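Both of the next two complexes hold chain A, though its partner changes from chain B to chain C.
The block that comes next holds the complex of A and B.
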């Protein structure tokens, strides 16, 4: 489907494209249905419906000067641009924009790793650099650094962190935006700005002190429509000498409360990396009677779940711990963690797991050497990018809702119950929320849970269920104080609506900023639920 | 992601256009190959290694290889580099439009020239293709291993 930018006719669009070609060369501008196909969101639940958002064209600059030039041209023609870095934001909109007719500003060509400093543990990259690229560069140069990467390695440190994406190593590195340090941004008038120490000419600490002096606007560029990020610095983890894992299981359902508290303590104290919570009882989910119990309206009682566990001779919960550091300290941390938990929770059991020096071997990366059944995905846990996670995708893709909840068992049980009951309205979807749904410990200080219903390109009825379920999940979660951490453009207004303290003052504040610097909405209007005056009707 | 994982076994890609023409060919599935890649195929092989191998290399656990294994049940090789039935037009079609949960690739990722080189590589005689392209991690582990 060919679309035009808002308020532009065919002739105006042609002139605009001609000017873009003048700026970047004819080879780097695309328009028309066939060429724009790869800019559609192939994971969209509104695929081929009137709600799908289509870009009108795409333009790929080679450097920051060309980005500025494109922004100035777009400003003259009042055409919204939608910047992407690697454009792999599947589950959250792919490369597709908020506003129909936007022009995708595809930054993939800007793919230089500008600097990697091993001794000071940071990297400075351009938007088109993928996790694969950064990893390769580190390996090829033999640097002892570890990248914290998301599941799919083809995304980019810049695109992922601007979505506040997550990874799987140590707490402060898993929050990818939190681990950034210094950025360069092209503003809606084409000016180039640097944040933090990058604003001080001659400074050599851009990637080490993020704040500089005065207000720090860096946060506005994550999930926001305020600029095009053209460089970004990231803190990297020195490659740990050794990796150690272990599993601790606890017998009763109520033991989860203490288990979570201990894990929080260990994580906040910097003693462990990412953990995987799990339940040995999930082996029973194939049994219809147990499935009915785990998905019971109002949730099962602890006594009912304990009885099922006892009958099966299984523990209720386990947690897999991962520890990084010198060999001796990883052992001390494991001993400390298991002593701490076993001495507090009667019946708890600790099993020492695989441990080895880094870098890991193939078998270790494949996690085939663990003495117990493990759900850890080793590549991502050890900062080795891959596309291994793609095999969890079913049908033609999915959309994601990952509500943020407190790190307590109480909150976990409440979310299982509340969202489990709410989603009963959609019986054809898998029971994402049930009495065994585990919290994900991705961001440094919170839990999240997963709701990721699938989409099918040729089944609009299925997609409509997914779409309705997403909207309902966002709304019901918000009634209980749980908000989404990121959303596809088609859900960004719904999610933004839920962050409504004091008559949506946060959004109104963002709108004031947007009106001041970009009233015509040249940069990603609507992103994060922030619309400029022109599009607020 | 547990439920996604449970259900993924059912997911199959539809890399089908040429399968019917495979004419019962029973090429080895993932037989290791050695040898040099013909110079004119090096670029295509590099494109494959960079963009396709992370999902389509030989070896366990890769989504693309797994789904083609499930799709064809061994009637054609699961790893794309072992296929002898792929025509350039088919390769171009799947790269630019995607299939099932494989998203399409943009020209900023795989340029038209790179796509032509990739197509030439994947449709060349097996002997000219040389050894399989390495999966990123394997390649790096080997590189590091030789330093130790």
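The block that comes next holds the complex of A and C.
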């Protein structure tokens, strides 16, 4: 499907493309149908419908000077650009833009690892660098540093952190935007800006102090339409000497409250890395009677769930802990964590897990040596990029709704009930929200839950259900104070609408900024629900 | 650019891989530098057949990507054939696009399973001037 940029006719588009070719070379500008296919969102629930967003062309600059030139050309022709790093944002829109006819600014050629400083534990990279690339550079140079990568690890640190993506190691590294330090940005007029200490000529602390002096605009470029990020620094975790794991289970449903409180304390104190909550009762979900209980309208009572657990001889919950550091410290932390929880929750059981020096062997990475059934994906937990996550993707992909909720059992149980009941309207979808749905402890200080219904390219009826369910989830969650943290372009306005405090002052503030620096909407208009005046009308 | 003749040749070759008979496989390997075989669907092909390296995996292509394919795709050339699940092919096809390569032939060679994953035989070849041999 070929489309034109907004307000541009075919002759104008041809002139625009010719100028792009002059800036980057003819081999790095694409507009043919086959060339543009990879820039579609292959996980889109509106695949092949009128709602699907299509780019008109793509251009791949080699350096920041070419990015500036492209932006200036786009500004002259009033053509929206949609910057992508490596375009792997699947589940959240992939490489597809907010506005039909946008030109994808594909930064894949800008793939230099500019600096890795082992002693000071940071890296400075370009957008086309993937987590695999960064990991490979660290390995080949024999540096004692750990990357915190998403799963799968084929995306880029810049793209993922600008989407506020998450990882799986220690709390302050799992928040990938939070772990960034310093960025270089091409603004909508083509000027190049550096944030933080990067604004001070001669500074050697760009990747060590993010703020510099005065207001720090870095946050505007995450999920925002204010510039093209061309370099970004990241704090890295010094490679821990040792890794230790363990599992603690608790018998009763109500015990989850204390378990969560203890895990919060351990995490906030820096004693543990990412945890995996789970329920031994998941093994019963194949039993129709138990499934009916776990998905009961209004939610089952604690007594009903405890009776089912007792009848099956199973505990209600468990948590897998992961600990990093010197060997003696990891052992002390495990002993402290298990003593703390077991002394407070009657009937709790602790099982010491796998432990070994880092870096791990392949067997250890494949998690073949754990003395109990584990849900931990060891590669991502140890900062080793993987593509294995694709083995669990159903059909042609999925969309993702990940509401943010407080780190309390009360909030977890409420979300199980509320969204479980709301999704009964869509009985053909799996029961993502039920009495055993676990919180994800990915971000540093919040829980999330996952709703990720599949899409099928050849089944528009199925996709329509997924699409409707996504919109309902966003709306119902917001009624209870739970907001989505990240969304595909087709949902960004819905999500933005839910952040409506004081008559949507946050969005109006963003719009004022957008109007001031990019009124024609050259950079990703609509991204994050922020539209410039030109498109608001 | 790859030639139309090469595309036609590979288009004919990909279905031949799926037969997995030694004769059919041998006829298909011409012009390919390596094969990926997803053991969930195609276990019986020899490890190194007619001089073409055969890389086996079980749905997760991470190891071969990191050790072999990524380094090879940073260079010019390197035509890769395979019989894999459609999930693994999606991963490789997406990575290929970033490296100036494209699926030039694909043929579904079996029914999809309950997860919607079907076995596919395919060839990925360089198409961008920066990486064609």
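Definition applied: the second predicted complex is superposed on the first by the 537 of 537 C-alpha atoms of A that agree within 3 Å, B and C clash if a C-alpha of one lies under 4 Å from a C-alpha of the other, contacts with A are read in each partner's own complex, and residues count from 1 in each chain.
One rule holds for everything that comes next: contacts are C-beta pairs under 8 Å (C-beta built on N, C-alpha and C of every residue); 3 or more make two chains touch, one makes a residue touch a chain.
Remember, it's a predicted structure, so these values are computed and weren't measured experimentally.
Superposition of the two structures on chain A leads chain B and chain C into a clash. When the shared chain is aligned, chain B comes close enough to touch A:432, but chain C does not.
Of the two partner chains placed by the overlay, neither chain B nor chain C lies in contact with A:510. Of the two partner chains placed by the overlay, only chain B lies in contact with A:398; chain C stays clear of it. Within the superposed three-chain model, A:54 lies out of touch with both chain B and chain C [touch as defined at top]. In the overlay built on the shared chain, the residue A:527 is in contact with neither chain B nor chain C.
By the touch criterion defined above, A:486 lies against neither chain B nor chain C after alignment on the C-alpha atoms of chain A. In the superposition on chain A, A:359 makes contact with chain B only, not with chain C. Here chain B and chain C are compared by how many residues of chain A each touches, and B touches more.
With both structures placed on the common chain, the touch criterion links A:142 to chain B but leaves chain C unconnected. The contact surfaces that chain B and chain C form on chain A in the two complexes overlap at residues 38, 42, 87-88, 108, 132, 136, 154, 379, 385-388, 390-391, 393-397, 454.
The touching residues of chain A, when paired with chain C in their complex, are 27, 34, 38, 42, 86-88, 108, 132, 136, 152, 154, 379, 385-388, 390-391, 393-397, 454, 456. Looking at the complex, you find that chain A touches chain B at residues 28, 30, 35, 37-40, 42-43, 58, 60, 87-88, 90, 94-95, 106, 108-109, 128, 132, 135-136, 139-140, 142, 153-154, 282, 359-362, 365-366, 379, 384-388, 390-398, 430-432, 438, 450, 452, 454. In the complex of the two chains, the chain C residues touching chain A come out as 59-62, 65-66, 70, 87-88, 90-91, 94-95, 97-98, 102, 115-116, 128-130. Partner chain A is touched in their complex by these residues of chain B: 1-8, 10-11, 50, 54-55, 60-64, 66-67, 96-98, 100-101, 103-109, 136-138, 140-141, 143-144, 147.
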